[in-house]
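What follows is a single structure, written as structure tokens, with notes after it.
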Amino acid sequence: MRRKKQVGQAAFTTLNVVFLVLIAATMIIPLWNAVAESFSGSFASMRPGILMWPRDFSLSGYTTIWTVLDLWQPFENSVIVSVLGTLLHVLLSALAGYALAQSGMPGRRFVTGLILITMMIPFEAIMIPFYITMQQLGLLNSLAALILSGMVSGFSVLLMRNFFLSIPGDILESAKIDGAGHFRMFWQICMPLSKAGLATVGLFEFVGRWNNLLTTILLINDSTKNTLQVALNALISGGSSTSSGYLITTNVKMAGIIIAILPLIIAYPFAQKYFVRGIFLGANKE
Amino acid sequence: MKSHKRPYFALLSTSVVAGTLFTNSAFAAQPHKIVQEPTLTIATGVIGGKNPQENAAFADEIGQALHCKVQLISTTGNYDQKLMAMLAAGQKIDVVYTEGSTLAQLAKAGEVTNLQSQIHHSAVLGNSRVVPQWEWNDIKLSSPNGQGIYAVPVKYQGALMPIVRGDWMKELHLSEPKTLNDFYHMFQMFKNKKGAYGLTLSSLYDIQPFMSAVGLKNGYELQKGKFTIPYATPAAVPVYAWLHNLYAKGLLDPNFVTNKTSDERNLFLSGRVGMFVYWDAWVPMLNNLAATQGASASFDAEALPGAVGPGGKRLVSKGDTSVFAIPSNAPNKALAFKFLEWWNTRPGEILGSLGVKGLDYTVKHGKYQLTQLGIDDNMDHGDPEPISSYWKNPFPSMQKGYANARAIGVHYGYQPLINSDWNNAQQIIWQYGDDAILGRLSPKAAVADMHAALLKQHYISQ
Amino acid sequence: MMSADYPRSQMAIPVRHPLVHHVNKWVRAVPLYVMLLPTIAYFVIFTYYPLLHSIFISMQNFNLIGNRPYVGLHNYRHVLTDPTFWSSFENTLFLGISILLIGFVAPIIMALSLNEVLSSWLKRTVQMVIYLPHLFSWVVVGGLWIQLLAPDGGLVNAVLQVMGIAPVQFMSDPNLARWVIILVSVWKDVGFNTVIYLAAMVGINPALYESARVDGANRWHEMGYITIPSLARTMQVVGLLSIMGVLRLFDQIYVMRNAVIEPQVNVLMTYVYDMGFQEMNIGRATASALLILIFTLILTLFTQRLIRVDHS
């Protein structure tokens, strides 16, 4: 009996790993293809089909992109907007999520409803008025506008609320008995216990901000304040039906794509650490 | 360039961050108010440099010429959204870049200024050697009821024509194709001898050179006050049938439905296909690219006219014109018009093509020399081909094949008649046309369905 | 549903008191409202105020410059009687609901499957890799899949050819293309939602598993009786979030559509986009975007009756 069970378990484990590896393989294709094309020679990269290895290995994709687009300034701007914006976003979402997780709070349903509705509004529905509001506040053409827009989102508030709700009641209860107020409970107990949640929301927001295109294009006029995505967009989307005579070879385009996502790939493991090491590691110490 | 060495982390120090965050336009504009010079605001999608430094130098050069400050709002991608938001928010812009189809909407709503009399009295724009009359006629197609001129062309737009591997034609002893059969024969030779597809398309963009064989024009045609679409009439059936035959015989790139024009260029440059239909201005650019980036040494792109139609006529279609217009609420209309004039003088043309002196090119003993940045920018800063007949490109060696291509456009080109429904109508034509080429519908049925769908949506009246 | 098991609810001691306590309740909530203040202020200034403005725009013949005459509900009437709007609506339901259902189940399976992997190296690597497609913009991902599925030079058709199957025109056959779009959409975001579930799994008390093992439970029992019920609340949130996004499907369609498949894949948001930015009819585009909001509200209220997210 026992042996049979073990064989079954082994088979399950193997199948499971095969399943995951297969799925992961399809997901690595885009990155791999982009890397291979970015290191190809400019002509070789234009031949049709999916590349799995650089053709006529060359660094010209990367050198061209750095000489044509002076990328340091946009890179700095992207870092400022994404880092500050994400920190602010995570803090505000956590604060709101904490408040909405308190079952005794009066008016909670109304506020939750108010926040839920914001998530259903298509940005196109309010794009022009949103722009006008930014103008009225004198924020157009500033990095502050980029940090402020999306300073909090219903998505993150709901997720944070959900993470706070899963904190075991007895931990909170004992803190309450110690006479802790809401701010102390939030900062000293709930926040440290919700690292997985904070990392999740932070990662999502960072990726979203780093890749943001439309808001930046709308709000920024001065090209010294453009972000990396906007600077690269010219290459990646490359006007296709105009008669503009600016040909971007595929290796240059792919180099741009790699440069744009590299910081995200580097940042990922830092966030991932917290998904694996979760709240009970902290809680068990008590 | 100095900033390259500075680690970006330094910038995160709080004081600098605070400084960067709050230098928005409202604050930044303050000190400049003291200066008496007016500010010319230009909103554009494609004019200017490729990086902030180059953009600033580009704006400065315009400012020096016109004795004013210049704010260049250069948006790459999503330009229409940005322009609409700016205008809707009541921002004052002096010059906007737009295209013929959008211009029609703006002019109809009275949102741009009628420039006809100013142009008439202008020493530059009124000179038909600078801007030929037919350019004005094309722009008038976008005017309400064809009255008035609401914009000035940005560049010579050119036409869409078959671009073919001239070296292959020579090698295979092929002469200029005149009939659809000649084209078919040529494609067959390309397939058999070169292992390439004869032709690639991007959906039905653009099949005018082949529709030319039956004398049908792209866009609408106005017959006795009623709109028809020639591509959706029975006369077009043989051309769809011919295209389907190309597909069935493996002479047409089977990816044509999903191709973007950039795919077509890549296929052509990498020798996977012998012909595609594209802009005349691209002929020399393809040749330059092939020469500098190491394609086969013999690579030679050449333009061809469309197939010979009834009465010996051949057709290629001109592009949607890129234009500058002056919004009706522009604060500096006179200055804006001065800019439009200047853009069509020699210094403006040099700026729009070669770029900024010192950055993109240098002049030694009266001879122009491109810098590395200038070479990368490919002599395109919004105006790669100025309209004026006085214009001479300082680099004639980089114009291989262009004279012939431009002549084809001038000789056989016409401006298609389109209106605000055209985008939707075109979708229907492409949908049924593609189905016919793929063989899902017989050419006859495809045209009948196409016509019926267009009638049902009231895009045509008969 | 599952919320009875959920630990927090033990704390919610129902207190019923007279009026004094009712006032006290609000006084005690002041710190909570201070915490909510930035969020509420943001939404009022940057969402609700613009939304109000949009409602005005949707009732105007909105010219970019110059006068903007009031036209009442004319824009709405026009949109609601436009057959293209309704065919886009049908497409949105088909594509949206398919993506919703498959996209709901897939990350749960992925997360459960990952949870069973013991090697932490493999677990971390796979976890990172499945997140990769989410980092790319739709322009890149859409273009890549069009290339992968191309009849000439596409990897998928090359494999089919080896198996002796003639090239398939995936993207120019409306029925196939619809499913390609559905599956690619799920594929792109599965890693994103898997991360949410994994983060939630980390929060499950290990003591529950230990006691189950003592009782002789095998892996399937653990999964069925501990892991999945513990994820119920997260599933509700993820499900609700997806439902609210269902009618806003746009990017993947925009980058993967072509003339042949457009009538079968154009959705409500492409309608808004084409109306606003191609035809420059801002009043009508805004009206149709607000209709999408109304439809989403109805849809969400309807489903909220089924899965009550906001009860404790």
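Here the chain labels run A, B and C in written order, and each chain numbers its own residues starting at 1.
The rule is simple: a contact is a pair of C-beta atoms (placed from the backbone, for glycine too) under 8 Å apart; a residue touches a chain by one contact, two chains touch by 3 or more.
All figures in this text were calculated on a predicted structure; none of them were measured in a lab.
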Original post:
Higher C-beta contact count, B-C or A-C?
Top reply: A-C
Original post:
Counting only C-alpha atoms to place each centre, which chain is farthest from subunit A?
Top reply: B
**OP:** Could you give the separation in Å between the centres of subunit B and subunit C, each centre being the mean of its C-alpha atoms?
**Re:** 38
Original post:
How many angstrom lie between the CA centroids of subunit A and subunit C, rounded to a whole number?
Top reply: 15
Subject >> Per-residue overlap in subunit A, given as positions that touch at least 2 other chains >> reply: 48, 128, 132, 213, 237
Original post:
What residues in subunit C touch two or more of the other chains?
Top reply: 150, 152-153, 276, 282
Subject >> Shared-contact residues (touching 2 or more other chains) in subunit B >> reply: 81, 84, 88, 255
**OP:** Give every residue of subunit B touching subunit A within the complex, in rising order.
**Re:** 1, 3-4, 6, 8, 11-12, 17, 20-26, 28, 45-46, 50-53, 55-56, 71, 73-78, 81-82, 84-86, 88-89, 91, 155, 157-158, 205, 255, 260-263, 265-267, 269-270, 272, 279, 281-282, 285, 289, 293-295, 319, 322, 372-373, 376-380, 384
Original post:
Can you list the subunit A residues touching subunit B in their complex?
Top reply: 41-43, 46-48, 64, 67-70, 72-73, 75-76, 79-80, 83-84, 127-128, 131-132, 135, 138-145, 147, 213-214, 217-218, 221-224, 226, 230-231, 233-234, 237-247, 249-250
Subject >> Interfacial residue positions of subunit C with respect to subunit A in the complex >> reply: 6-8, 10-12, 15, 25-26, 28-29, 31-33, 35-36, 38-40, 42-43, 45-54, 57, 110, 113-114, 116-118, 120, 122-137, 139-141, 144, 147-148, 150, 152-155, 187, 191-192, 195-196, 198-200, 202-203, 205-206, 218-219, 233-234, 237, 240-241, 244-245, 248, 269, 272-273, 276, 282, 285-286, 289-290, 292-293, 296-297, 300, 310, 312
Subject >> Residues on subunit A engaged by subunit C in the complex (per definition of touch) >> reply: 5, 9, 12-13, 16-17, 19-21, 23-24, 26-31, 33-34, 48-50, 92-93, 95-96, 98-107, 109, 111-112, 114-122, 124-126, 128-130, 132-133, 137, 148-149, 151-152, 155, 157-159, 162-163, 165-169, 172-173, 181-183, 186, 196-197, 199-200, 203-204, 207, 211, 213, 236-237, 257, 261, 264-265, 268-269, 272, 274-280
**OP:** Using the touch definition up top, name the residues of subunit B that touch subunit C in the complex.
**Re:** 80-81, 84, 87-88, 102, 105-106, 109-111, 197, 203-204, 253-255, 257-258, 327-329, 420, 423-424, 427, 430-431, 433-435, 438
